[in-house]
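Letters A, B, C and D mark the chains in the order given here, with residues in each chain numbered from 1 onward.
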Amino acid sequence: LRRCRAAVMTAFGSPLEIVDFPLPEVIQPGAALVKVEMAGVCGTDVHLWKGQLPIQLPVILGHETVGRLVSVGEGLQLDWDGQPLAVGDRVTRNSSRSCGVCHYCRRRLPTRCLERKAYGISYPADAPPYLSGGFAEYIHLQPGTAIFRLPDGLETEQVIGSGCALVTAIHGIERVGIDWGDSVLIQGAGPVGIAALAVALSAGASRVGVIGGPARRLEMARRFGAEMTIDLDAIPDPAVRRDVATEWSGGYGADVVIECTGSPPAVAEGWPLCRDGGRYLVLGHYADAGETPLNPHLITRKELTVYGSWGSEPRHTSAGLKFLRRAAAQFPFQEMVSDRFDLSRANEALRAMESWSARKSVVIPE
Amino acid sequence: LRRCRAAVMTAFGSPLEIVDFPLPEVIQPGAALVKVEMAGVCGTDVHLWKGQLPIQLPVILGHETVGRLVSVGEGLQLDWDGQPLAVGDRVTRNSSRSCGVCHYCRRRLPTRCLERKAYGISYPADAPPYLSGGFAEYIHLQPGTAIFRLPDGLETEQVIGSGCALVTAIHGIERVGIDWGDSVLIQGAGPVGIAALAVALSAGASRVGVIGGPARRLEMARRFGAEMTIDLDAIPDPAVRRDVATEWSGGYGADVVIECTGSPPAVAEGWPLCRDGGRYLVLGHYADAGETPLNPHLITRKELTVYGSWGSEPRHTSAGLKFLRRAAAQFPFQEMVSDRFDLSRANEALRAMESWSARKSVVIPE
Amino acid sequence: LRRCRAAVMTAFGSPLEIVDFPLPEVIQPGAALVKVEMAGVCGTDVHLWKGQLPIQLPVILGHETVGRLVSVGEGLQLDWDGQPLAVGDRVTRNSSRSCGVCHYCRRRLPTRCLERKAYGISYPADAPPYLSGGFAEYIHLQPGTAIFRLPDGLETEQVIGSGCALVTAIHGIERVGIDWGDSVLIQGAGPVGIAALAVALSAGASRVGVIGGPARRLEMARRFGAEMTIDLDAIPDPAVRRDVATEWSGGYGADVVIECTGSPPAVAEGWPLCRDGGRYLVLGHYADAGETPLNPHLITRKELTVYGSWGSEPRHTSAGLKFLRRAAAQFPFQEMVSDRFDLSRANEALRAMESWSARKSVVIPE
Amino acid sequence: LRRCRAAVMTAFGSPLEIVDFPLPEVIQPGAALVKVEMAGVCGTDVHLWKGQLPIQLPVILGHETVGRLVSVGEGLQLDWDGQPLAVGDRVTRNSSRSCGVCHYCRRRLPTRCLERKAYGISYPADAPPYLSGGFAEYIHLQPGTAIFRLPDGLETEQVIGSGCALVTAIHGIERVGIDWGDSVLIQGAGPVGIAALAVALSAGASRVGVIGGPARRLEMARRFGAEMTIDLDAIPDPAVRRDVATEWSGGYGADVVIECTGSPPAVAEGWPLCRDGGRYLVLGHYADAGETPLNPHLITRKELTVYGSWGSEPRHTSAGLKFLRRAAAQFPFQEMVSDRFDLSRANEALRAMESWSARKSVVIPE
């Protein structure tokens, strides 16, 4: 029996352990086995590792992967976009599977599917079908997974460098909408903030500013087209930041403000950054970081619209991959990949994201 | 010189004083003088009286009025809807005037006009053009006021009984939208809640529930078509109210929840009452009642959209008056008028609203 | 082997033939066998019979059915709405099945599924799984069919009386949208026009007028709440009809005009009936009735928006069944069923619809 | 008395005549006198000259102008965007004035204002206030005109080179909407087509193709970012053009198709170029070019949405001027200005547009 290694989280906050798993002998119809080439470490992985989301252990983390198809179950002939699939193809996938028949799937809200499961998050490592996370030599994809074949012109680093931050941003910006010529302010300069910046600019925003830190992340934001950045370290007083941001946006506030921090007080800081009649997107709160004092009167008086969006759908992945190809020159997502670790050092990859020392760290199994 | 009386608020929280004013000798082009037949007392008047909004004193309160045109300035020949205007006509008006040329008026947001002024709120009683509030024998309407002639079939009590609550609800529901067949939950059974109930039902909601009190207000809610009511006095525990409301809405939450209470904690109670992907309207927070703990993660996880709306535009008044006529049988707004006071007792009219003892009190100058 | 009878169309325009079919011995997983209680004859059946749609013969017509579950395949435990299903339940279904994985299904347009099939239309009568049309004693439902259990309070005549006209109207009006207070003009007083009238009124229209005929259909329109009707027989001149309609709508045209005739020249008559900035829905052109002279300048000058919608999705059936229950008093769809025929007289049922002599004819197999 | 010259159209199709007019001695409050630096010739001017729009003669043509303020009426202190105005400023303006109080102005549709007037189109040359067209040494702007001060960084050639084509495209694309990543096909490569291309690309389209001619216009389209062009001269058969366009768009049709030709048969060619569920904008039919055979069944079966838009609002001019500045590098509108004529040769300027020999001709009074 062939075997492979995976990095398993057995306890919150403890180092991941390298564990041996048997490779599946038979691939079921519709399923696939993928040899992982690169797995991204996402901010959510850090939240999961800290126990801030209610998941079951043990688990193989890693919900962003690119790899090669090594085995394809019967009937799996086309990728989600209708392209033919064959052993040897380089592929990625949407991280989640929806059931298609529950209350929310029926109502066009598959991201809130009552049976939703995500690779690297929801599948226990010690139960079949095993190998359901990305920090591993192989990942097993169940039937119904939205698989995407990667064309030659699209680098693995682009896909992993944009990661689930990109599809999250695409979904969120679909929700909040960018009108042609909108001014956009982004709170947060991590992967989600950078992705939101790229999507907002390419969706019609006339100008985008970013509030965040540290300095090297803001530098990347400017490289991606931010017209203005406000460094939290340089301007620690939210009132001063607000003055700077409001002046930048012409005195009335931005048309759209996008929260990409995951920090609850950012929302209180963010609502006043909107112009009256503006829109606000809560994009960074995948994890539950608790309550914060907010004033509902602001929503009324400023006639705000506040949007939330959760995860992504396969169509967002499909759109994201096309975007990565056509906008590669303008948005160098491959440069987001700053720190590379082999599988045995998956812990270090996690810590590099936790400490904000990496723009984005990745695991390269071999 | 002819004179008239008005009830003037000279200090927050103090009794209104009856003061004599000279009637204007000449009506300027585009302006009008109206003999007040009935003025409604709105919840906002109570907030103003308590000093919860930043206004200048002295002021003649009263922003809901019906009266007869006694003098019409040159050039004022048509009402806002294009109907001819003549001395003797019974009229009402939108309570606010926008400038038409500021940053927000240019951008189709006249409710956030930078020069916005409201009768009964923003005009000092001791400065020209005087007589700019409704608790008075006469009210002076400046050029550019959106005046509406009332047709014979529409009773003064319908107009005042619905008051600015109706146009506020029309504007808010225009913002949040009601899809055909939506289930709607309303928080609050005061005039705004009742108006929101009527508008939601006539806008395509399949069923509407109301959470509020006291019991006689909920009785009125049922009379207006509420399918289900939850009495705050009977169920003081928000967790139990949530269970009842969620079960009523089929287990997943309501499609739309409308806050009509003005109480900040109602928002924290309200977000979980929405189904995932649902919409929430903050309609009751015209006054600033301060911050409350809220969890942004809920907006993300439930993919909520939260809307605010401020005041109303003349087109909402126009639509509201048509609605009152066509839906009179289904929605007896005239029955909202529960307590009548003459001008000298305007204080008591205010207190009847403050204590929730009246459904709606009105001032009838003579 | 048990057998049953069905009315088969073997040649366009020729009488349907009663043919004997064997009942399936085994019901596959997810499939179901239903004993037909009532099948509606739809205008589309007439078009099909006349050969105006490109279908394969022989076929068992009938895409609107209510019947009893007599056999249920393994795994079919819940209806589309999540209600438990059991042998003996009275059920209906959406007439079409989409594949869920094609280009359009992926893009949330299942009505344009590249593999879409409809009962009573797309399945040849002489090939397995047989019995795929409603003019028969039994109908066989394949896996993936959107089945709906009918609650006791909902009569079979309500479901068949509203038929696919109702779900078609629900889909179309979802597309065109009804804003609160809109005036709506409907062209056509057949089943689709009557259904559009009911949906528009319950979706927030303030007033609805109907242009059509003959007189008894307009009588039904008034019974369903039409404020004004224009009889094509009484006013044969389109220019005069336009004058009457425009005056009714206040001089500027209706906010929304809905074409429910299937006649191309109705579109040329209809565009000018819209107010400037109005919306027009082409709802009646399921069959291809050819080109007609139209002036694109009208779309530009009047700033129209013209919508099309095709068929319906299961969620429209779900919404329609709920609507039938709650609005039964206001919209007596059961009264649409005017002419009943047993299976051997299915031809006469078709002809009663072709000649407009019936509001709606139905086939009751026994 | 000072006098100036203007080119007057006294009869349709006849040469413009140079006529002397007195300059106004007094500028009324809110009005302004502008010395024309450059006036663009628009395709609409050709239609007007040919008598294809119902206007009153004599008229001074020219609705696109840039000039210097030489006299400013009392009270005119700010431009439409709130920037201070002073004699000597270089300005442009929206070509039309709306009344602000009619049925359509009240309903947020000022482009359909019942009293709408356009410079260079609706004002007779022989009646006060005279000088209301752009082919003249001076143009007189009435109170209420939306005037815009041009910043130093914005060249006159950019403003005239984009002309009313740009604001027309901005308005139209606001109507049809561009979703992030949409594929867009444009019919027509004249000024409106080129402007629509620029706006669509900057509004989020992933790729834009253009069908039109002649070759040098398509060259300009590629310079503005068209990914694909189809030359009408090279492919005269619409069926072949459709095959090419459909293949380009991936086999299903484009998400959005924008008609910018003014030719009625283009609409019949255009609808099938949309994917199912796609959107179509009729942008080129400002003039009434008559009926054309169209098939309403296509709208139904393909679930199209067809939009019209008329002229533009001042907010579109405001947005357009900002766009010209920020996107100057990508979209060289100044290069659209190909042929320059002094006032005495205004006829030739018209003919250069009529014959399609010029990309865009302009009149430079001196």
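Note that in this section a residue touches a chain if its C-beta (ideal position, glycine included) is under 8 Å from a C-beta of that chain, and two chains touch if they have at least 3 such contacts.
Bear in mind the structure is a predicted one, so any value in this text is a computation, not a measurement.
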Superposition of chain C upon chain D: rotation angle, C-alpha, nearest 5 degrees: 180
Selected interface, A-D versus A-C, where C-beta contact pairs are more numerous: A-D
Whole-Å gap separating chain A and chain D, where each centre is the average of the chain's CA atoms: 43
Per-residue overlap in chain C, given as positions that touch at least 2 other chains: 103, 107
Chain A to chain B touching residues, read off their complex: 103-104, 107, 109, 111-112, 175, 252, 259, 264, 267-268, 276-277, 282-310
Chain C residues touching chain A - in the complex, by the definition given at the top: 80-82, 100, 102-103, 106-108, 314-315, 318
Residues of chain A that touch chain D when the two form their complex: 170, 173-174, 178-181, 199, 202-204, 206-207, 319, 322-323, 326
